[in-house]
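Below, chain A partners chain B and then partners chain C, in two separate complexes.
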Partner chain A sequence: MTATRTVTFPAGIVEAGLGTVTREIPASEPPPWPPNAELTWIGKDVPRLNGREKVTGATRYTVDIRLPGMLHARFLRSPLPSAELRKLDTSAAAALAGVRAVVVLARSGDRLRYAGQPVAAVAAVSPGVAGEALAAIDAEFRPLPFVVDMDEARAPDAPLVYDEASVPKGNPSGFPAAPGLPVVGNVRGPAVVRRGDPAQGFAAADIVVEGEYRTQVQTHSCLEPHAIVADWRADGLTVYMSTQFTSGVRQELAALFGLPLNRVRVVVDGMGGGFGSKSQLGVYGRTAVELSRLAGLPVRLALNRHEEQTDAGNRPGTSQRVRLGAKRDGTLTALAIESHGTAGVALGAGIGFFAERIYTCPNFETLQHDVFVNAGPGCAMRGPGNTPGAHGLEQAIDTLAERLGLDPLALRDRIDPSKARREERRIGAERIGWSRRHAPGADPGPVKRGLGVAQSLWMSNVQTNVACEVRVLRDGSVEALSSVQDIGTGIGTVMAQVVAEVLGLRPAEITVRIGDTEFPPGGPSYGSRTTASITPPLRTAATRVLAELGREAARMLNAAPEELEARDGRLRVKSDPARSLAFRDAAALLRTDRISAVESRADDYPGFRRRMPDAAMALEDLGGVQFAEVAVDTETGAIHVERVVAVHDCGRPMNRLLLESQVQGGVLMGVSYALLERRVMDRRTGLMVNADLEHYKLAGAHDTPEIEVVILENLQGSSATDAYGIAEPANIATAPAIANAVYNAIGVRLASLPMTPDAVLAALGKTGRS
Partner chain B sequence: MTAPDMAGPGKTAITLAVNGTSRQLELEPRTTLAEALRNALGLTGTKIACDRGACSACTVWLNGQPVLSCMALAIDAAGQEITTIEGLAQGDVLHPVQEAFIEHDAMQCGFCTPGMVMSCAALLERDPHPDAAAVRDAIAGHYCRCGTYPHVVAATLAAAERKP
Partner chain C sequence: MNRFAYANPATLAEAAATTGLVAQAMVTLDEGAVLKAGGIDLLDLLKSELLTPSVVVNLRAIKGLDVIAQDATGNLSIGAMATLAEVAAHPLVRASYPALATAIAGAAGPQLRNVATIGGNLLQRPHCWYLRSPAHHCLRKGGGHCFAIRGENQYHAIFDNHACAIVHPSTAATALVALKAEVELHEAQGAVRRLPLEDFFVGPDDDIQRENALRPREVLTAIRLRKPPASTRMAHLRQGEKAGFDWPLADVAVVLTLDLEGICREVCVVLGAAAPVPHRARAAEQALLGQRLDDATASDAARAALRGATPLSHNDYKLALFETLVRRAILATLA
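And then the complex of A and B:
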């Protein structure tokens, strides 16, 4: 048994009134932090510490890395959506001057299942020579029947993407997670989640609403493409990779190439966007390492934009039939959803757990199906499952409120048990001016305005397989180390804030070394878990090195170590601050050049909701409520999102400036999803027709609404920092909030994404096209 | 110096004036300015995200005007004054736009940031006191997948305020 002690934490939502909670915590854990107002650096707008490198172009991204002798790799890919590889002869390519290695990824007779599927790869002294080598590969593809449209793929006579033997069994991205589901034709599932008795619940309802909602395939569209530089040497493998998970990639590489972990190093500095798509090694990563192994030279493999849009992951498209049963007062009696989704040739096209958790409803059922089509594999993307899932359910709730004659916020007050979201609704309604909301379609002119609201829910994820180190050197300089990577959130800055807070220094005085598996394993940057995972052990480690330093200082100051505090660059006696020692002078007393503490993530104090081998879910889910104000031009069909108010919670906010950036990013990705983005597959050729950035539309500056961000301070006494994530919640509610606002504006519901001018005009009956 | 009438397809001598320094290069005439800067000169602050004029990540200045370096040939840039993100600061002193980008957190992953900075700094050169709409116009061609536009606009307005 580890020793414990009982401590009292501030708890509750600071904005709504704070209480306390008493917990039994391991004796080694630091004491409770007060609310942010009483802290020096935590919760403050500290600008990111690597900002200077970013604005001067000095940050090194994977695509910027050039090693001596480095080769350039390129893929030969299937030109057809479905084909049998009849012949693959790479001998002429291998014999070309300047070609150093060739890897074959498919064999003659293999079935290729999407246009762009890698078939072979070459590494050569220049990209030009690599291109010539691709042209010299003798490959023959026999076209096979294909299907790229999800509805067509569900038809009984649709061409089959997989036969029984080849169909994927497990589910790598875990949405839904059930293995071993039945497969009929191209449809796998359903994965069923059920509680209570839905049939009885619908029978007991005073009112039943039903709707069908559709979401499109969205591509991650990271501005830095998927890229890797692999350097295989006799004494070990070093990989520079644009990745969300350095230590995970190291594990994959060690297992795949039979290397001990201590001979594999994965490094990332600048990381140009992942959004879920750079979580794993991937075929491209594996291939680059294999080419480097064969050539005995470093190999660079960076996808070009076409490859990036077609074979670097995507958010699966869905169709969802949502049924809600309710009493006249709004109480839900039944909630049933049947969904079909497609992640191309992959699994994981469900609608998540949004409906399962967000509202109180005794009788519940989801039936989720994966539909295979001949298109590039989907993967997790910012709020996977829940983002499309919220789009369906939050519109259905809006419809239910209208049918019941209730305000959408009042209905949610009745059925949503989350305290955080209740407060978020209150604050958001005030900020957006909800009382101005009129009846649907009530504006008289051609440009009609509307207000809408939708909610967010995501897991409070924690990686427990996470460690970090804090060092104090004898000159008083300080380092914080972990393999955790900064994918744009500014986690390194938050780490510096934590260490600075504990040691009484300034964040800029902390040197943060991250993005390298030479340091303690930092866990992944996905699932909105980085801050929650890394900051508690970092605070604990900093507290430990401070205690060690304090022992030396206390001797000097004739005080007991526990009488000291670290503040303003000094260690001083709490009761008599005049007796103090500069931090640097205290460090000079150390017996060795450096002291250090390594800590790993302890369990949340009140335990977890769910425990997995390397990860866990905290007890309280993350909330978030977003309000949108739109103007719809009923003559052109254009929707202009004028304002979004995004009210969120993430436990203890660590840095409001950085959090605001992330929430704005989530909202913008949501605006883009709602109005603009759509992967277009040509039914006749099976090819993606907008695999670029000019026809695949992303939101730009002119599509950007005024975004107001409010972040609650929701203290729970759950860890040494009480911090959780925000990236995904910030994205989940946006599209349905806009859809509900559009309904409020024009009185017609657009159930499908994206809500293009075309779709608006069609919904208004103003176009011949359908 | 003007470009020769006929060159290529092999390498040809090209002189580029980059950030105030003259650089002699041997490049194939088909080499884009973005490739020349990144590969031949190691100035990797200029980013390529689409390589065909759709995202503005590769924005540099030619004679003070923002251009897409993925859509310009290096050979055509000969004889013009090229400014890249590495050349914007005066030694250790950052350009006011760079300062303001840091203060207002006008970056996340940072991949689009060099291009954004170049466009916003160019805007202040031609219009020292723009309003928010003018900043949005100046970055209308830039894509930022992380969604930094609101902070980019705020930072640029703040930089304009600071500039005398």
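And then the complex of A and C:
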């Protein structure tokens, strides 16, 4: 055990009255920070440091990288949803002028399980030659029976996606499936989570509500496609990749190609979205590296939009039967969910975690099933499980409130133990004007307005295997380094704020170097954990270099090092600020060109629950409550989301501008999920017919509601910075808040997503002839 | 996308004082030449291999094709190369043909309207997702059957949809047909023909592989609009899933004249996104003629507009949607 000491942290919701919590922390860590009001840079509106580069197009993305001699790679993919590969002969392709390498990914006799499954890949001197090489591959596919629709796949006589022997055990989406689940036909499960006695809970209920909810398959639709430039050389491998996890990809590559870690480098600069789909190396990444190894030249592989939509991950579609039992006063007596979800040929369609955790209910049961269909594998996507899960449960809670004659907020006050969400409901209700909310469908006239609310829950995840370095150079300039990647959230700016806060400098004076495994491992940018994981060791490292610098300065100022503080670009004696030294002059006293400190994340705070080897869950759940105001035209079926008020917490807010931008993105993605997006599979051909961004409809500027963001400062005393993430919570509550608002507007519930005009007209009984 | 040559006949700009020369120049071009106006749809057609030209001829550099002007009699000529943004913002269009301005201003999105031309808009190919998918060799591409009729047809036609269920993709066309516009076409030999836009469009029963009567090496040079009588009223309404950057699920143009008593004497009701060509709702027109416009007559006409519709498995919501839009568009002409 490392040495510790006991300190008192400020704790609680600052806006609602602050308390304290006393903890034992590692002795190497700095003392707790006070609330943001007493800090200089933390929690302030510091604009994104690379914002200018982004909006002027100067930012370099992986797809922009061109290396000398670089080859271009393309995939041959299965054209059929289910097929036996009868023949695969790549010799003619390999012999074509300009073709430098060919990789075979399936063998003759193999079963191919979805349209778009990679079969082979080529690398050639130009994309055009690569295309000609694909045409020269002699491949024969024998069509086999297939099923692409989840309901059809559940039928007893449905074509089987897997036979017993081939059912995947692991799970590419990163959620380990419970081992030993039964598989019947295309259905795997149920995975059961139970507490208490649900049957008795329902028997004891005064009222039981039951509903069936459906969510569609959503694709990640990152604006920057999955892309990699792999450069295999005799002395090691360098990979430029659009990835959410540089050091994870490095681990994967080292293991896969038998390379020592010190011969593998992974780099990412600008990144145009990941949302969970760029968490791993993936088949495309592996293939590009293999092609580079074979060709001895750099290889660029970037998926096109069709490939993005069919084989770059997706959020599983679900159907959920939700039952709630409650006493007259709203107290829940039982909650049961049976769900089916499809992640295509992959596992991981579970939605139960949200319901398991959010409300107090003694008797609980989820029965969850994965349904295989002949479609591209799903994977984690912004708030995986909880986003579809919230859509079902939050509508069921709304229904229960109505049946009980309770306001939806009052019901939640009774059953939701989270203090943060209670405060968020209060603030949000005030901002949206909840008191205006009328009875369902009460507006006269064809255009009806409504208000709705829904809640979010997410884990406060922390990566424990995380480190970073802070350097002070002899000219007084400062660097912060970590392999952590900025996937668009602005983590580099937050890092500059942390270092500036500690060293008494301005954020713009800190050079942040990230997105490169040459630097200490930064952890992944998924699970809303980046800020929570990277900022505490960064603060500790900055504190350590400052101490070292302070030793030199203290001598000059005739003070003890502990008497110094760093402020406004100077080191000064706390009791006598007139005795001070410019930061730059202090650095000039250094004996060497630079000093540096590398620190890693302390992981022995009490309350930490280790979930995976490198990851833990911190003290409390993250909250979030969103309110939506909609106008529904009952004669056209059009829903207009006019306003969303999003009230969230994420521990200590580090940068309000960036947080607002994350919440706006989450809300917009939620609007898109609620109203527009869906993967459309043609049942007769088994192909996705909207594998583009024209018929696959994403919300854009015109569809953006007025979004009002409120972020609480909810201190927990759980790390040296006390910061958590926001990206996923911001996405979870939006669709059910809109659905509840639509119900409030028209008095009819739309249980399925997306809520398109045809769905609204159908719900109103207005399809067909009048 | 196949390899092609790119021709940018800038030198024609001087020579082409009369646009007929453009067409003449086309004769010298390859059989496989295609024209590029804004290039918005062209790029998609190339990517989906619906077009595999040997040469792409850019019309951009040719002067005079984008002029919007009134002749002595007050008729308006809109050059085919005028961008959607220019047409929508033009004072003469806004003053005399507000339904056209509205239709165009609501089409696509601002960036697209800045580049896309009115000619290209009328000549864009349908956006049936099977047509645009190289993996589906459907009737319209010379294949054996229509995938949409028994497949995913939520965005498809509710009229004239027994053979091929595309909807005509041009929103501008909905308004222009209602305004009885004419197109001016320059043939290769320099001959000019004019025909009503309504007759220019070709339905699947006439030729399932084409959407209009444009001949090889013919150029659409202008759209002509009669000066509307002073008593003309008009409206265009659309409803989409997205509020921008998307085609409408349904759009409706109504152009009518009222006499001094407020009785409807002339009327044209056109539905867009309803049929393979802009769809004249003649029953609705009949229902309105001789009537005073009010809620009741507008509702009757709206119901009549949908008579004879044959919705498919996933698009019967369009009946209610069109009925609403027709009724509202009729009433909007009074506003």
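To be clear about the criterion, the second predicted complex is superposed on the first by the 756 of 770 C-alpha atoms of A that agree within 3 Å, B and C clash if a C-alpha of one lies under 4 Å from a C-alpha of the other, contacts with A are read in each partner's own complex, and residues count from 1 in each chain.
We adopt the following convention: a residue touches a chain if its C-beta (ideal position, glycine included) is under 8 Å from a C-beta of that chain, and two chains touch if they have at least 3 such contacts.
Nothing here was measured: the structure is a model prediction, and the numbers come from that model.
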{"item": "Touching partner for A:596 - first (chain B), second (chain C), both, neither", "value": "neither"}
{"item": "Which superposed partner A:487 touches (first chain B, second chain C, both, neither)", "value": "first"}
{"item": "Chain B versus chain C as contact partner of A:766, first or second or both or neither", "value": "second"}
{"item": "First, second, both or neither for A:55, with chain B first and chain C second", "value": "first"}
{"item": "First, second, both or neither for A:669, with chain B first and chain C second", "value": "first"}
{"item": "First (chain B), second (chain C), both or neither touched by A:707", "value": "first"}
{"item": "Touching partner for A:66 - first (chain B), second (chain C), both, neither", "value": "first"}
{"item": "Partner chain(s) touched by A:222 [first = chain B, second = chain C, both, neither]", "value": "first"}
{"item": "When both partners are placed on the shared chain, which of chain B and chain C touches more of chain A", "value": "B"}
{"item": "First (chain B), second (chain C), both or neither touched by A:331", "value": "neither"}
{"item": "Common interface residues of chain A - those touching chain B in one complex and chain C in the other", "value": "692, 694, 699-702"}
{"item": "Residues of chain B that touch chain A when the two form their complex", "value": "38-39, 42-55, 57, 84-86, 88-89, 94, 98, 101-103, 105, 107-114, 117, 135-136, 139-153"}
{"item": "Contact footprint of chain B on chain A as seen in their complex", "value": "47-48, 51-52, 54-61, 63-64, 66, 220-225, 270-273, 275, 304-305, 487-490, 657-658, 660-662, 664-669, 692-694, 698-702, 704, 706-707"}
{"item": "Of all residues in chain C, those that touch chain A in their complex", "value": "3, 44, 109, 127, 129-130, 132-133, 135-136, 147, 150-152, 154-155, 239, 241-246, 249, 303, 306, 311, 314-317, 319-321, 323-325"}
{"item": "Contacting residues of chain A [partner chain C, same complex]", "value": "79, 115, 128, 635-638, 675-676, 680, 682-685, 687, 689-692, 694-695, 697, 699-703, 756-758, 761-762, 766-770"}
